[in-house]
Structures are given as C-alpha cells and as structure tokens.
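Notes for the one structure printed next.
When the chains are written out, they are named A, B, C and D in that same order, and each has its own residue count from 1.
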Amino acid sequence: MNNDTRREFLRTSAAMGVSLAAGASATAAEPQPSTSHQAYGYQHTPAPLPFDAKNLKGLSEKLIQSHWENNYGGAVRALNTLRGRLSAAAVDANMPPFVYTGMKREQLLRTGSVVLHELYFAGLGGNGQAGNAMRSRIAASFGSYDAWEVEFRKIAMGLAGGSGWVMLGYNEALGVLENHWMADHATAPAHTRPWLVLDMYEHAFHMDYGAAAARYIDAWFANLNWETVAARR
Amino acid sequence: MNNDTRREFLRTSAAMGVSLAAGASATAAEPQPSTSHQAYGYQHTPAPLPFDAKNLKGLSEKLIQSHWENNYGGAVRALNTLRGRLSAAAVDANMPPFVYTGMKREQLLRTGSVVLHELYFAGLGGNGQAGNAMRSRIAASFGSYDAWEVEFRKIAMGLAGGSGWVMLGYNEALGVLENHWMADHATAPAHTRPWLVLDMYEHAFHMDYGAAAARYIDAWFANLNWETVAARR
Amino acid sequence: MNNDTRREFLRTSAAMGVSLAAGASATAAEPQPSTSHQAYGYQHTPAPLPFDAKNLKGLSEKLIQSHWENNYGGAVRALNTLRGRLSAAAVDANMPPFVYTGMKREQLLRTGSVVLHELYFAGLGGNGQAGNAMRSRIAASFGSYDAWEVEFRKIAMGLAGGSGWVMLGYNEALGVLENHWMADHATAPAHTRPWLVLDMYEHAFHMDYGAAAARYIDAWFANLNWETVAARR
Amino acid sequence: MNNDTRREFLRTSAAMGVSLAAGASATAAEPQPSTSHQAYGYQHTPAPLPFDAKNLKGLSEKLIQSHWENNYGGAVRALNTLRGRLSAAAVDANMPPFVYTGMKREQLLRTGSVVLHELYFAGLGGNGQAGNAMRSRIAASFGSYDAWEVEFRKIAMGLAGGSGWVMLGYNEALGVLENHWMADHATAPAHTRPWLVLDMYEHAFHMDYGAAAARYIDAWFANLNWETVAARR
C-alpha cells in the first residue's frame, strides 16, 4: 500500500485495536541484540538481594526481607502480568485508547518500582563511607559533599509521611549531577542515569522506625555501598 | 566531629535549612568534569531549532515558532529562575522541607519539559522514513515495525484531549526497548534512554489542528528525522 | 455464612474478580433515590451549552464549540464507555486489582473532566460583574475581592503552558473558601463545593490566543456569569 | 480606574506578585459567615480521636496513636505553616507564579491529608455493621451491598504496596454514589461528598500488619462506625 493508505490503516488500527503482532513471526529470524528483551514478551526475573539481610545496621532482616519479597517482588509479578495483558490488549479489536493507557500507566508504575528497587537494594550492604573520588565528584556539582547531603535529606524529609523517592542522578541531556524529588514510581527526570536512590515509601521503614523517618534516613546512609554507586558513574 | 555528631548536624541542617553551601568555595579548585554543570549554579541556554520552521510538512511555522519560544523557552526560563531560588532556599534557615519540595517538584517539571522538548525538536526536520537498521531494531522488540507504530499511536490517542508525552525508549536497567505513556513532564521511566518522544500537550498542535489529534500525529510521523533517532541508540 | 467466612469470601472475590453483580436483580425492586443513578449502569447525557456560543466576548464560537464537542463531549463518551468496561470487569474472574485500578484511574480522570467542564461552561455567558454580595463574601475570606483575583490569576499563570484547573471552592470540611491549584482532572480538594472553575488546559484557549494565556484569562473573567456562581453558595 | 486599566493592573500584579492584601483592613469590618475561616489566616486545630485508641479490634493503640499524631498531626502542622508562607508570598513582589504554585500544590496535598484523615478516624470506633437503610442505599447503586464491598476491596488491593485512598462518595454533580480510586491526598473526584474513606498509605497498617494489606482491610471493615457514615448522607 502507498504511504497515505498505510498511514490511514495504522491510524485506524490504533483507534480500533487491530493488532499487527501477527507480523512478529515474520521478523523472528531478524537479528536481535543479545542484551535486549522483547517489549511484550519480556518476563522479568527478580534479582536476589546483593547482601545478607541479617547484616545491615539498623535495618532489620524482617523489614528488608518483606521489602524485597512483597514490595519489590510484588512489583515484578504485577509487571509480568501486565505485559501479558498488554500483549493481549494489542489484539483486542475493541480496546479504546483510554482503556489501554490505564494499563500503560500501571505498567509504567511497576516498571519504575522494579528498576528503582533494584537500584535501592544494590546501593545497600556497604559501610556508608563514600570514597574520595566520589566525594570530589559530588562536591564539584553541589559545592561540597555536605551541601549535597543536606539537600538530599531535605527532599527526603519533605516526602516523609507520604511516599516517593529521592534520586541523585546524572542528567545526561543537561550534563548536570543533581538531586531529584520523585512523587511515586512513575515520576522521574527524563534521560537521567541514577546514581543513588532512597525509597521513601513507608514500607521501607515503618516496621522498624514507625513514623521516625529521619532515623530511617540515618540508617540508610550508614549502610550505603558507595562502590556500587561509583560503578554507575 | 565524629560520625554521630556529624549525622545529627546534617539531619538538623536538613530540617532547619542551614546551608553548607559556604563550603563551595573550598572545593572550587577541585577538578570538575568538563561536560558537567553545577547543580545550583547551572543556567541553561536554549537550543536553537535544528531545522527551518518554514520547511515542515503540515506543521506551520507559527505553531513551531510558538512552541519553541513560548513553551520550550518558557520552561528554560522557569528552570533557570528555579535554580536561583533553590540556591537561595539552601541558605534560608527557616525553609521547611515540605516547602522546599514544592520547588523541587516545579524544578523536576521544568527539567522534564526542557529535556523532552529538545528531544522532540531534534527528532523533526526529516522525511519520516526510518532506515532498515532502525526498522529491524524496532521489529526485534515489538514483533514488527507496524506493531510498534500501532501501540505508539494508541498511547498518543489515549492522551489526546489532555496532555503528556509518548516515548520510545531503551530501558537500560531492564534491557528492553519499549513505548511509555507519560502523564506530564515529570512522569518518566527511570533509567531509560529516550529514542523518540511525541509531545501530546495541546500546545503542540491546537493552533494547526484544533482537537484533531490523529491528524497531528500523522504530521509528526511525516516529519520525523530518523537519523537523529538512530544516533541515540 | 458467618462473618469470618463471608469476609474471606469477599476478600477472595476482590482478589480474583468474582462478581456479585448477579445480586443486582434481587435488589432491583428496592427504593432508589430518584436523584441518583446506578454506579455501573449510569450513562451520562451531555449538558448543552447554557449560552449561545456566538455571543461570548473574546472567545470564538469555533473555540467554544470545539471545546464543548471534542473535549467535554469526548470525556462524556469515554466515561460512558469506561462504565461499561468496569461493569464487565466486575464479572471477570481473572481481573487483577492492579489492572482494575488502571481503569478506575481513567474513570476518575473522565469524571473530573465531565464535572469540571460542566461547571466551566455554566460559569460563562455573563457580563463578568460580580454582585456586591458575592464580592463581600469573597472579600471576607481573602481580605479583598482584588486580593482574591490576584491569587486566582497567579495560580492560573503557574499552570499556563501546561494544563490543569483553578478552583474557587468552599471546603465544607474545614469551613473555608479558598483557591485551589489542580494539576489535572483527577486532582481536587476533597469534600469541597466548587464555586468557580477555570480550565487551563490548552484546548481552552490555544485556537484563539496561542500561548498568550494571560489574555485568555482576561477573556474568561469578562464572560463570567456570576449569578450562576452565586447560586452555588 | 476603568475596567481595562484595572484588568491590566491585576494581571500585572499576578505576574509580579504585588499584593493587594493591604486592602484586607478596609474590609475587615464586613460581615463574615460565622462558619467560615479566612483563606490565608486560618489555622486548623487538630480534631481529637473520636474513640479510645485502646478499643479498636485488630488495630493497635500504638499504630492509631502514631497515625493520628504523626501523619494527621504532621499534615495539620504543615498546612498551618503553608498558610503563613502563602500569606507572605502574596506580598512578595518577586514571587513567580511557577514558584507560588509549588506551594499551592503542597497546600492542596496537606489539605487533602487533613480532611481525609478526619473522615477516616471519624469512620472508626464502631462494630462494623451497616444498618439496613445504609445497606439498601448502597445496594441501590451497586446492585448489592456485597458487590459494593468487592469493588471497594479491589480498589484498595490495587493500591496496596503503594499509597492512596479509596472513597465511597456521592458525586453531587452527576447524582451517583460510587467508589473512587485516589492516588494520593491531592487526588479526588470533584464536587463529591465523601461517605467513607479508607487510608491505604502504608502508615495506616505496616506497624501492625507489615505488607499484609488484605488483613488490614479486614480490620478496618470490622471497626467501621456506620452511624457516622449514615450521618453524611
């Protein structure tokens, strides 16, 4: 078909939900990057904790285990289920766009939860001491390492009693290392490489600290594994 | 001071707003990556349109010029102002965290607007034809290039009449190329490299198309510069 | 069944999606308030414009007609479709809660759009002059009528270039008349009676004013029908 | 000044932050409804728990006390502080609209938290048994009382592991009693009278139940005071 006909066809398909996924088999033989998964077919396998949950200081094994199994694990299971649902929705001829986007929103939320939780756990298990190179790099952007920590803590305390994340991340588009406030798993700075993320959802601390968010933040800092952070530079 | 004293000091500083930015001068001599800007001090310069606004097909010069000058330009100006305000807030001893986060939310929103608009404009000015390598890469994840386009359009139509973005992006954490629904400039998939973004805020099309979002999406596809997209792989 | 058994049954039903809607027929004979509709079965009929779209000052017939037909009308159609979908989802034994809430989110968004657009159109068609009683009532809460208008306009300008609503509303829980910032149709102050709402989505003005939001706000004020506002007290 | 001059003046004031609050003194003598508070000056007094926290079934005194004191109480304190800040911002000649709206967003969030928490606590302390009139009213909208409870629980489970509220509310604009999903304190259906709200923020249950949200929902249902709900009809 010509370009106009094809465009009309695809536009109508989007509106009506006609799927073209049948074309998948035709392309199955095409080279696929070995590091990549398929958008609809991908099923994520939970990453194990990179430390022994018994060994953190001031964060109980019970808390960490529940966080990993129920909150992170729940997000993985939901995301896998959603991919299956989205795959089916793509061949549902009656799926309106505004119903489809409801599922895409939930997919985005769970995607953020999976990605951020993996970064969170990977950042724990250390002694809390940032190396000199990392401290210098942070100071170069924030004026001093301590100025960075003050802003990072302030954002965290502004989320306390609610939920969200704090991220130290390198914005690759603007070329700036900065702290970000994130209201939920689906909030994030576009085109930014995360270095360090702090989970401020209450499931990250209420079992151990109740509403005492500042004490949780202390404990989180004390367990930071700055080597994994440095590796993300 | 020892670690406990320091922690207490930083925690209190975060709560009270005492700034440590004075330390900035001490670190000014430290090496700073040449590609990076300072978190508070950075002032962004608007990127010029990478094409002649007169030459797009089906998107008027008036629309593109207003989009660039008022919406993208307005976001740049707001972001620059916010950095100055945040810098001052860091030395305001009475700044509560929940007021500070109000500004961080606005900063995140404008940061997203600046980054996404630059990607949007950089993706225009072409002939709309994706090369074979790009088509294969997309097909490898979505089953077929057309299946990708159907889902991308469906997400866009689910946002029509409201606002937001659609992104084709490579999730570097999960290793998957996928389409994302984004409710506003502050919504995004974490740790994802954008390949292609479509602005579904009504300022992107109402002047030319009124509420006829599907016709705008057609025009957007027809002007895509797939070479810049390919360069983001 | 006893209370524990019943609880277990309902909890499982919620998790699995077993519907109890079959019970509907049994209760069909029960008295139903004449002013109320059924949660799932309700289909909303669009309210006609309460003024002649040709007669507004500074807001073109084309803009108003498109706003009513495409944006308000589109929300009505989407909401009606969503109710049907939700009704079906209630009898889908395999519907996970996190997919169901995706639809509830879209329902809330369209519900807000329908309700707020009806308030918006009902507030237009007047001469823009607030009566003395209304001015006094506003002044009693804001210090002066002009102080109210300054804050209302400031919130609107903070949303310009993006989307959202500004509401003057009476918070029935706290007993205070105040202005509210609303990021989208699903953002609102709980338990608040709206008096006056301003649509800051770009579909409300871009056709006539492009990005010149302040001029749109002027036009909106000039067309306010304060008598309908007064009737909402 | 004439209308055009005045409009220009107010528009400029909104943009520049010039305050007209000085006019407040001129109107101080005007009659103010005895049931109403002033928009900027109002300072909210926390409402005491309407039951003895020792007496709930399956919700510990420690949990309820922390919820009331830290989460609800914290929201009251933040809201009161924000009103003071907003009042000052109204006389700050250099306050840009997009900084002001950051504070309005935080105000809306805390307003929702205060209002919803008061409804939540007022709904507890009962025996969990809805009276026949209430059951009939719910059945009239949902088909049956049990169908209502299934949907209400399903929405709650869709929020489990994250945060938000579930509301049974009467939409006064559309004339329909329905359940609403609410992502956070600032999400709500416009023009809706709340009958019953369930707090799904993790501070409402993690201390007692960890991630076992379904058991918390059971406990919440068992303690409902349906008489206060009936009084909201």
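By definition in this document, a residue touches a chain if its C-beta (ideal position, glycine included) is under 8 Å from a C-beta of that chain, and two chains touch if they have at least 3 such contacts.
All values derive from a computational prediction rather than experimental measurement.
Student: From subunit B, what is the lowest number of touch steps before subunit D is reached?
Tutor: 1
Student: Based on CA centres, what chain would you say lies at the far end from subunit A?
Tutor: So the farthest one, by centre of C-alpha atoms, is C.
Student: Taking each chain's centre as its mean C-alpha position, how far apart are subunit A and subunit B in Å?
Tutor: Distance between chain centres, rounded to whole Å: 17 Å.
Student: Could you tell me the distance, in whole angstrom, between the mean C-alpha positions of subunit B and subunit C?
Tutor: Measuring from centre to centre gives 29 Å for this pair.
Student: Hunt down the residues of subunit C that sit against at least two other chains at once, touch-wise.
Tutor: 98, 101, 105, 183, 185
Student: Provide the residue numbers of subunit C that touch subunit A in the complex, in ascending order.
Tutor: Listed in rising order, the residues are 78, 81-82, 85, 96, 98-99, 101-103, 105-106, 110.
Student: Going by the contact rule set out above, which residues of subunit A touch subunit B in the complex?
Tutor: Residue list for subunit A touching subunit B: 7, 10-11, 13-15, 17-21, 23-24, 26-27, 30-33, 35-40, 42, 44, 90, 95, 97-98, 100-101, 104-105, 107-108, 111-112, 114-116, 118-119, 136-137, 139-144, 146-151, 153-160, 167, 170-183, 185-194, 214, 217-218, 221.
Student: Under the stated contact criterion, what part of subunit C meets subunit B in this complex?
Tutor: 62, 66, 70-71, 74-75, 109, 161-163, 183-185, 201-203, 206-207, 210-211
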